[in-house]
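Take a look at the structure set out below.
Chain lettering (A, B, C, D and E) follows the sequence in which the chains are written, and residue indices restart at 1 in each chain.
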Amino acid sequence: MPIQYYIYLCLALFSIGIIGVLTRRNAIVVFMCIELMLNAVNLLLVAFSKMHHGAALAIDSTTKAGIDGQLFVFFIMVVAAAEVSVGLAIIVMMYRNTHSVDINFLNRLKN
Amino acid sequence: MNAIIFSALAGVVMMYSGIITSKKTVIKYIAAIALVVLIAANLLQVYGIWQISVDTRDMLSFEKFGLVFNTLAFTATLIYVLLSGKEIENAGVNVAEYFALIFFVLCGVSILSSFNGLLMMFLGIEILTIPLYILTASDKRNLRSNEASLKYFLMGSFSTGIMLMGIALVYGATGSFALHTNAPVALSATGGIKASFLEVAGMILMFVSMAFKVSAAPFHFWTPDVYDGAPGVFTSFMATVVKAAGFIAFIRLFEGHTAILGPTWKILLAFVIVATLLIGNVTAVFQQSVKRMLSYSSIAQAGFMLFALYSSNDMAKEGLLLYSVAYSLATIGIFAVLIKLKDYAFDDFNGLGKTHPALAFATTVCLLSLAGIPLTGGFFAKYYMLASMVKEGGPLWLLIVAVLFAAVSVYYYFRVIQAMYFKEGTPSVQTEITSGFKAGMVLLAILIILLGIAPSLVLNLFYF
Amino acid sequence: MNWPFLLLDAADNNSVANYFPIGIQLIFAAGFVATMIGVSQLLGPKRKTADKLETFASGIENHGDARQPVAIKYFLVAILFVLFDVEVIFFYPYAVNFRELGWSGFGAVLMFVSFFLIGFIYIIKKGALKWED
Amino acid sequence: MSKLVYLVPLFPLLGFLINGLGRKSLSKTMVGIVGSGAILASFIVSLCIFFDVKEHGATVVNLFSFIRTESFSIPFAFQVDQLSSVFLLIITGIGFLIHLYSSAYMHEEPNEHFGRFFAYLNLFVFSMLLLVLGANYVIMFIGWEGVGLCSYLLIGFWFKNDNYNYAAKKAFVMNRIGDLGFLLAVFWLLFKLGTVTYGDVFANVAQLSTFDITAITMLLFVGAMGKSAQLPLYTWLPDAMAGPTPVSALIHAATMVTAGIYMIARSNILYTLAPATQTVIAVVGLATAIFAATIALKQNDIKKVLAYSTVSQLGYMFLGLGVGAYTGAVFHVMTHAFFKALLFLGAGSVIHAMHHEQDIRKMGGLKKYMPVTHITFLLACLAIAGIPPFSGFFSKDEILMAAYGKNPLYYYIGLGGALMTAFYMFRLYTMTFLGNFRGTHEQQHHLHESPSAMTIPLIVLAILSVAGGWIGIPDVMIEHGHQLEHFLAPVFAESAKLAEHHHLEASTEYMFMGVSTVAIIIVIILAVNAYRKYQDNGAENTGLGKVLENKWYIDELYDAVIVNPLNALAGFLKNVVEKSGIDGVVNGVGRLVGYGSRQLRLLQSGQVGNYILVMVLAMVVFVLIWFNDQTIMDFLSKIF
Amino acid sequence: MSTIQILFFFLTALALFSAIMVLVSKNPVHSVLWLIVVFFAISGHYVLLNAQFLAIVNLIVYAGAIMVLFLFVIMLMNLNSEAEPRKHIWMKMAGVISGGCFLMVLVSLVRQATDMQQRTALMGSGNVGLIKNLGKALFSDYVVPFEISSVLFLSAMVGAIVIGKK
């Protein structure tokens, strides 16, 4: 597969994530859109990893090139899990105090 | 490596200290001792006496610069804990956890001062920020704290997403996560850009994300809200040690890449610097709350620290160390006094000069240092930044703008001094002010003045 | 890759085609369920009464929304579950390479596990897993 | 001996520390002794240094390094040469007298305030000494900021009054504007020459282009304008009268305001190479001299008159600098320090006796109550007016002569200013000391001569005011007369080589001296006559009605042609130009910042969505800029 | 068109469609479900790229754990579709436009990137994505980040206790 297809796909997913962050008001959905962005990055990294791997294979059949990209993805997933647990805890805490998860109401702090 | 390992272990110790004892003061002293041990361990490595040697496979590289920064950051934290320990105790029920999180942040700081690849940078940043989200939220019943942490979290993870996209693009172009690689050269049609398009785009995205972390305009928006909403005692920590660490990471990430980025890089950076200085300084002028004023001032100070990135030479790195220390100590000092007051308004300082002359004196020294008045640490820090830029051949107009905004900054810092000395009233001191605290503040002020008289004290560490 | 040789390719190690049997199985399973539901719809008798359309609650009259808000303390358990779930992921590649990695790998995993164990004990001591209080 | 130069600033610093820390426990006497003693010790060391320099010439004393790393070094070094040693003597000498005087003047203050006051005074002197002694522009800047800061603290010393507060802030802001220029100049030097040490800078001026030199000198001059209260940054100085009188004396006579003069004299070689800047300085100086003198004509607050007179005299000094008469300017700094300190301390003595009454319309006839103050004040007035052989005559004459050499117009305008000076000074003198007492009876009852701690400095200063000028008697009068010039010659040697020399005929010089002296004497007689029988009838100048009884036709003419227009002009300058013009601009800048602040605050809407939107847009813009850099570079190069 | 290509385009379309559905669903529960579909599609892509380990991890961590947690939270709060007031229309437009601009700029950039023109991602084969190889690398070259990530988990646990516990 031409790598550009993957890049386009991932950029599209990433942009959809950004648009979601910009247009939705529900903190949970916004957070989900951020997760979508991370997934787009993951896919891109894997695609690049395979691209580099393929290029290296042509020279050396035992190469491990590209493995770093996939491990990076692994770490991103791991970190995302930690981030999600903290983030959802914060959202739940907010909900317990205000009974709302609407980010538009987050305007006590301004100016 | 010592710093990373010991700070993680210290975090674990702190986690359990809350289970072993319920005396908050004891927990505080354990933390202070742990910090001393941490500083000692780091110093052992700085002087090459002893270190836990781990084969990091080139993911971390321990250079003098980063190690010295560790020492400075840990020392600043120690001072912070000693001065504001009382407030950490009163911040909530989970005192031990707060200290544990602070140590985890320090672990992130020491990773950021020594990373040698994008993976470690990413992990370092996450280890740095995730505890901060929690600390921001620690005042659970307070809606402002809630809101601040949710904002911080949403925007922080958004910027993480941006950074990861940048990393992915750079990886696509170079096939490696190492810091200093040169991508295959691809000339654009106009011949303006030497590096691969993807790499440059990735660098821009990483730049945006790092600019977010150090609150450079126009990515600074989270700063005032989060610093304002977070419990004051943690704002103090966030605005100082953490921010300085962000700059260290920033300069580590970009110092090898300026050649790839080409001349446009400087234009963009200059734009960011000017915007940061403008927004930080001008918006700070009309704030009603000292806490919020300080958060804008931290943006303004970030504008100055960005000069280190602009010049990105040895002198800039030295200057950044000096700046970090001078800025951190001064801000920690002001916050230590601020959080003793009932509210965060300017009027709360009224008459402090009369009732607590020692405190007022120390606060004044801190404020003068932030304003960059000579004979305080802040002066040479700013001078260093600008001089490094001048040495690098930076444009004159940028210099003029910087000096101009430094002049504006004096206005809002002096509002506090004015309130303390020239206004009548009784300061609404809430927490009891012990003589130990006073002594600590005066020592801090002396330290700041010492930095202003002999900044070589810090800089010579660098050349030991 | 051609259609007829897909199954043959599957025998070859380490390729996407390994997943072909799994895919076929999934399709069959889904198809079976769909067929069954469709057939029962077609063949079964259809008589609708009001009682029949009500939620079945073992004969007790139902009241209120089924989606009652869950007590917040379970949420903490859910969060901790995610964290430990991810930890298990780390063991998976270790298990595959258990022999080759030898003592150094064992040391690394031991350290990781001990960190997690520290966390686990901490959580227990803090009483986060107590359901009733 | 020069090695001991560090003692000079060290003593005031110690005084500051002792008084600052022990202000609660030390008795007033102790505080006074420590505060004054520190300055006295400095003065003694300065004297030794002065003679040492006279004997052995200049040196640079390296003490330690602020910063010494591989890439960068700023030594903490002191420049001990003829110029700095003269300034040291002025600062510590006059400073000591003022300290001594303060110990009596401030005696009514509560103990703690008293200690704090002396601590600030010592800090002030310390900063000024640092400014003068520094061997590079960074140290000078440190002292420069230091005096600004101390003046802020001292002016705001009586902080109960909001006006003082405002004045303190204004002083600080205006000084900051000046500092901005200074700092930019320092960076510019660093940018072009890579060094800020005097020796290296002056040795390498040849590397600078004319534009650079002009820009640097202009920026430095902006700094000097702020610190030395030149148009348009002068308004803080009259407002600074809010501070206690000894502070005014210290600011006006010995320290702060002379900083600008010192700096330009120190950088004389740069200025000699920048004729455009010199012209600007001369014009600004002259304009300030006239402008301030005009305003002073109509002031009724004793300290305000003196304040505007200081601004005006500073204008003369800048005129001297602008026409290349560096020695003359330094000479005038010195003589001015003597008589202005004397005037202020005399005024303080009057105010002290009058129980903090500062309005001269409510004074009069103090001659008989306060003989010492009266005599010394008179001497000072004669000195500032420029009557030979008092000190002011020689220094002012030297500047005016040099100005004549450059452009006769300078001379004539300058002479006009000198006449006004004579007029308002004697108006002040007459209204205060002659005539009848116009205050309340209670005040009259309490009128008394000040204690000896106050009068002794007055007497010493009076002697200096009279005789201080004799070290600078022009060569035309006596052989080897101008000792100061010979002493300072090494500092200005380079400039002297480059500058063109205008030699006036001895006879011309005598003629000018004679004419100006006669004119000044006439003006003094007029002023004394006009105000001797002044009565406060509510409206101003109606006192002249009684003078008219004398049927002096000339008085009427003079009244119509000179006094009234001048008064009107003074009112106009004070109320319109100063209040709405200069202060208006300063306030306008403040308002602009405030407006910007409020607008920028709206950006911070509190909405996460908006924040992220701005981030995304900025990101898009960044990428666009980056990948269209060629186009943008072209565009930018067209603009700049 | 080969199988892989067909699968690629199918999964791509599925991912994009589901991602858009995440955005437009009014009900947060639906958003979560659609997001799970996205994750499955992405896992499918991983399989196509022969990154088998990541495919599994993606399912276990994201679809299995993270999304369940999301769902749990939404259930906990009992958010109905009406609970979320809609944003201002112009705010939405601004969001869509700026997101679109971002996409456009980056896509046009990739189109111009000459060094990416002829490159392809190796599909189907290549063994770096296998658990065995990844595991070897993880426990040898990447052992430092591996250990350090445990610090991250510890802080997340502490965070859960600090924030989540009453």
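Following the convention adopted for this analysis, a contact is a pair of C-beta atoms (placed from the backbone, for glycine too) under 8 Å apart; a residue touches a chain by one contact, two chains touch by 3 or more.
Here's who's who by UniProt: A = NADH-quinone oxidoreductase subunit K; B = NADH-quinone oxidoreductase subunit N; C = NADH-quinone oxidoreductase subunit A; D = NADH dehydrogenase subunit L; E = NADH-quinone oxidoreductase subunit J.
Please read all numbers here as calculations on a predicted model, not as lab measurements.
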item: Set of chains adjacent to subunit A and to subunit D; value: B, E
item: Partner chains that subunit A and subunit C have in common; value: B, E
item: Chain closest to the middle [Cα centroid of all protein chains]; value: B
item: Farthest-lying chain, centroid of Cα atoms versus that of subunit E; value: D
item: Farthest chain relative to subunit C (centres taken as mean CA coordinates); value: D
item: Mean-CA-position distance for subunit C and subunit B (Å); value: 42
item: Cα-centroid distance, subunit A relative to subunit E, in whole angstrom; value: 5
item: Separation of subunit B from subunit E, taking each centre as the mean of its C-alpha atoms, in whole Å; value: 32
item: Mean-CA-position distance for subunit D and subunit C (Å); value: 83
item: Where subunit C touches two or more other chains, by residue; value: 72, 75, 79-80, 82-83, 85-86, 89-90, 115, 118, 122, 126
item: Of all residues in subunit D, the ones touching two or more other chains; value: 601, 604, 606, 608-609, 612-613, 616, 619, 623, 627
item: Touching two or more other chains - residue numbers and ranges from subunit B; value: 12, 15, 119, 123, 126, 130, 133-134, 137, 140, 151, 154, 158, 172, 188, 197, 201, 224-225
item: Chain-chain contacts as defined at top; value: A-B, A-C, A-D, A-E, B-C, B-D, B-E, C-E, D-E
item: Residues on subunit B engaged by subunit A in the complex (per definition of touch); value: 118-119, 122-123, 126, 130, 133-134, 137, 140-141, 143-144, 146-151, 153-154, 157-158, 160-161, 164-165, 167-169, 171-172, 175-177, 224-226, 228-229
item: Of all residues in subunit D, those that touch subunit B in their complex; value: 64-72, 138, 141-142, 144-146, 149, 153, 156, 159-160, 165, 168-169, 172-173, 176-177, 179-180, 183-184, 187-188, 190-191, 194, 593-594, 596-598, 600-601, 603-604, 606, 608, 610-612, 614-615, 618-619, 622-623, 625-627, 629-630, 632-633, 636
item: Of all residues in subunit E, those that touch subunit D in their complex; value: 87, 91, 94-95, 98-99, 101-102, 105-106, 109, 112
item: Residue ranges of subunit B touching subunit E (in the complex, touch as defined); value: 4, 8, 11-12, 15, 54, 56-57, 59-60, 92, 94, 97-98, 100-101, 104, 107, 111, 119-120, 123, 126-127, 130-131, 133-134, 137-138, 140, 172-173, 183-184, 186-189, 196-198, 201
item: In the complex, subunit A residues that touch subunit D; value: 18, 21-23, 25, 30, 103-104, 106-111
